[in-house]
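Take a look at these structures.
Next come two complexes, and both contain chain A; in the first it sits with chain B, in the second with chain C.
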Partner chain A sequence: MKRLVLGGNDAVAYAVKQSHVDVVSAYPITPQTSIIEKIASFIANGEMRTRFIKVESEHSAMAAAIGASATGGRVFTATSSQGLLYMHEVLHWAAGASLPIVMANANRAVAPPWSIWAEQTDSLSQRDTGWIQFYASNSQETYDLLFLSFRLAERVKNPVMVCMDGFLVTHTKEPVAVFGDEIEEFISVKETRPLLDVEKPEAIGALAFPQDYMPVKIEQHKRISSALAEFKTLSDQFERISSRRYDPIYTYGEENADIVIVAMGSNAETAHLAIDLLNKEGIKAKLVKIVMFRPFPKDELIKAFEGAKKIAVFDRNISMGKGGITKDEIVGALGINNVVGIVCGLGGVDVTENDMVKVAKDVLDGKIQEDMILWGGR
Partner chain B sequence: MIIPKEEIMKSNHLACPGCGAALAMRLALKALGKKTIVVIPACCWTIINGTWGNNFAGVPVFHTAFATTAAVAAGIKATLEMQGKDDITVMGWAGDGGTFDIGLQALSGAAERNDDIIYVCYDNEAYMNTGIQRSSATPIGAETTTTPSPIVKDRPKKDLMEIVAAHDVPYIASATVAYPTDLIKKFQKAKSKKGFKFIHILSPCPPGHKFPEDKTIEISKLAVETGVFLLYEIEDGKYRINKKPKFKDLDEYLDIQGRFRNTPKEQREALKEAIKRRWEKLLVKAEHFG
Partner chain C sequence: MKEIGLHGRGGQGVVMAGELLANIYFKEGYEVQFMPSYGAERRGSPSNAYVRIDNKRILYRYSIKAPDEIIVLNVTLLPNLLLKEGGIALLNSADTSNLKKSDKVKFFVVDANRIALECKLGTPAIPLVNTALLGAYCKVRGDFSFDTLKKVYEEKIGKRAYLNIEAAEKAYESVREV
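For the complex of A and B:
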């Protein structure tokens, strides 16, 4: 293990290099580009033995990934925002065909107006495509989650998206513990399988009448749902090698907190500071970070919220006409009514620890009872 | 040549009687053999190949999204290359809607990259699977459900062969089921060449073009003899005309098909003019780049 100073994008590229990926198909988009540039340079200088299909669109990026995966290859792609939205149809195809593709998504706001800065509405609006979704908060997490994603995708036969806030995670350089050969025993295990086999000619995805279609979808739902348990198993193995632990949620702060801050992605990094400040003031506060958004870690959240008086969910995303998306997911899954949703940081607006402290206090005191949009103006 | 006896495609498939696209696949697979993987987007062949649990093609088939044929095929080939399985042919098999229209971008991408696949467009000149709507492959003057008389299609058919030729790929050919040995030879040639291959098959459609189901071969032949559909190849940039049209009276081809029943006189003339112009252009190319 050595330490390198890497942005989230670099970390992804290093993980892909070490993951024996057969095929990469990708199309450039800010702020994803440095991932695929780095992969191209790894291939060019012989550090990586991978076929890189330089496609003409994101729609084709995912389509080529599907073909490569259906033939039994380990496959990676990366995108962001508009590119992810352009893939939407094919995302359903990848999940429906049980293909273990791994994709990195640089979370970026959706136009119009044009924006290249952080927001999670792009990937959260792919919620129902059947992809497993992780949200990384820093470079180390992106690096580690990539290895876990390849294994998890192949184990449960379902594609995985690793999301990271544009620039805030993709480009912030931090020291990352990079594996040497010790990761081999974990990552060299490939559970890919060719659906397309000339010795066993089958048709994949043929027209299914209702009585055939629904069982297939039930099976798919079971498959992705099993990812919660399988992730824990794989995480145990990964921890033995790395001494770093990943779970569907991560908590920080007072165990028996009165106020819980929920955050995902870069907001969760900021929230650590907010929790420290709150605890310093004698307020019992804790952070619950959602690492795995799909399948949704309902039971883990129930446990984490036990005893909490109030829960403040910070969403760097918005469902227009409704509000913060993870807030809605939490309320929908848990049926609790002590939750306030705070939409913040859209299009890359800074969300500071002081913002979080103030809002958290007001939520706890009952001064804020309704969902709100955090916006201090220009 | 002797047409290979082995039948890879199975009988009892779900094509309409007289379907040109079903026969085209049967012949194509005779040429390519069992070590072939086929990618099929939304098109008539989505149905022809059978519902859930069936696979009448007899080789592995990946049913995919409308616009993705060429990209999916490229991905399949990429993994096969990594696995060292160089003896497997990957073929995209799409209709005209999936090729001339919604799949054109992916087709262009794969052609420009010279991905080692065979892309086949079986062209029945409209969205037949959804019930006969016009595509950019629909000829001028043809009636469809979205170009009902008196507003029949008023723009000429897109010249896809030349669009693909502009990508400078190793092999491009046109074929029809009326000339089966020519068609099989072209698939065999395509299989033998590395890089991107494109085969354009005219595929008469009895319910869509409105003609009796026993006339498919006759109409395919007439298309070639009248000059409506030119049989030629572009191999490594060199043009070769496979069959010089007899320039039979176009009306003979039009009158046998209900879709041209309401074609106004001036559009019949426009069709004749288009045939002449296209042939003249091809002749020049064959002479100078033959």
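For the complex of A and C:
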């Protein structure tokens, strides 16, 4: 294993190159474009034996991915923000047809006003499409989660989206441990699954009357829900090769913390610094990072929050008329009332460790009891 | 931790300079983070890139407002730049008559436009000054070896690396404190 200085987008492209992907269909959009540019250059150089399908829109990118996946290909695509939203209808089709497509999404704020910078509202508004969702905090995680995603998608027969904050992860370059041949034994495994076959024609997605529709959807719900347990199994295998451990949530800091900071994506990197500052002041603090957002890691969170007096959830996203989306998910799933939601960093606004420390202290002291907006900066 | 800002105009090679610098420090054994600042990309508009260097993993995921050191590819940007007190500013400039000596900042200058054109890098309208300036920076800071710079240029630039190494050598020799 060697270390290279890579951005999240570079890391994704390297992982796709090493994952024996058969088909990539994609349409460019900032800040995702450098993923598919790099993949296109790998193919042009002969470093990848992959069919690249150029399409005229993201809707078509996913449609082509569905066709390629349904006939047995390992398929990758990437998009961001407006592109992801344009794909919305087809995302349901991919998940409903149990297709193990893997997609990288560069989290970018949604227009208007037009923005190219980091925010997670784009992918979180795809919450109910039936896709497994991961959120990577750094280049290493984007790289590793891509391998895990291909295996998980094929194991569970469900598409997976790996999300990373635009620029803050996609374009921020840092040392990444890159595999040599040692990843082969993990990534070359392919599961058998039902495929479209011209010799034995079958229809997918035909009309289902009410009594038939509901069982199909409940079956789909059980299928994606099984990804929590399957992820742990695959993670064990991955850890043996890489010595890096991935779980649905990640924790850092004091085991029995009074104040818990919850973050997802790039904010979780900076949050480490906030935890260190709080602990140095004698405040028992812990970071809980949500790595897997769908299926939702309810039991893991219950355990992580045990004994916590207050929980401060930093959301770089917003549900209009409600507030931070992961805060809402936590309260909804766990039914707890010691949680304060902090909407922050929309459209790429800086969120610093000092911002987090100040808010976390005020939440713990009870000075902040209601959900709030953190304007950020310095 | 050290934070370095690279400031120029689109087309001068600001982003490339940042990536090269991050790779130079990485080769020297540091943990590095390269954070380009993106906006409306076009020739001539201000372009900024930032590099963080530390002995441990870098966890800051937000922009740098006032770096410890700045490398300025185009001095017309200087009035808009921030720098920490006690910092270093390396400027691409032949003329120092407008620079006021300061107790708070150390200024260094090198005529990277002339050097770049001598080495056939860029055009008279937009000389590619990035690689020359990193040569000067190597001399000013002295915390990485010129040999490491050469190796990174060879790995990252390819066929025309020798011209960029030549430019870096000339800048290394001719950079001076104001």
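Here, the second predicted complex is superposed on the first by the 372 of 378 C-alpha atoms of A that agree within 3 Å, B and C clash if a C-alpha of one lies under 4 Å from a C-alpha of the other, contacts with A are read in each partner's own complex, and residues count from 1 in each chain.
In this section, a contact is a pair of C-beta atoms (placed from the backbone, for glycine too) under 8 Å apart; a residue touches a chain by one contact, two chains touch by 3 or more.
This structure is a prediction, so every number in the text was calculated from the model and none was measured.
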item: Overlay on chain A: chain C relative to chain B, clash or fit; value: fit
item: First (chain B), second (chain C), both or neither touched by A:Leu168; value: second
item: Touching partner for A:Val5 - first (chain B), second (chain C), both, neither; value: second
item: Chain B versus chain C as contact partner of A:Ser57, first or second or both or neither; value: first
item: Contacts of A:Ala206 with chain B and chain C, given as first, second, both or neither; value: first
item: Per-residue touch tally on chain A - higher for chain B or for chain C; value: B
item: Angle at the Cα centre of chain A, taken between the Cα centres of chain B and chain C once the superposition is applied, in steps of 10 degrees; value: 110
item: Touching partner for A:Leu273 - first (chain B), second (chain C), both, neither; value: second
item: Minimum C-alpha spacing, chains overlaid - chain B and chain C, in Å; value: 28
item: Contact residues common to both interfaces of chain A (with chain B and with chain C); value: none
item: Chain B to chain A touching residues, read off their complex; value: 34-37, 39, 46-47, 49-55, 57-65, 67-68, 70-83, 88, 105-106, 108-109, 112-113, 115
item: Touching residues on chain C, where the partner in the complex is chain A; value: 19, 22-23, 26, 31-36, 38, 58-63, 65
item: List of chain A residues in touch with chain C within their complex; value: 3, 5, 7, 30-31, 116, 137, 165, 167-169, 171-175, 266-267, 269-270, 272-273, 350-353, 378
item: Chain B-touching residues of chain A, taken from the complex the two chains share; value: 22-23, 25, 50-51, 53-57, 59-61, 63-73, 75, 89-90, 93, 195-198, 200-209, 212-213
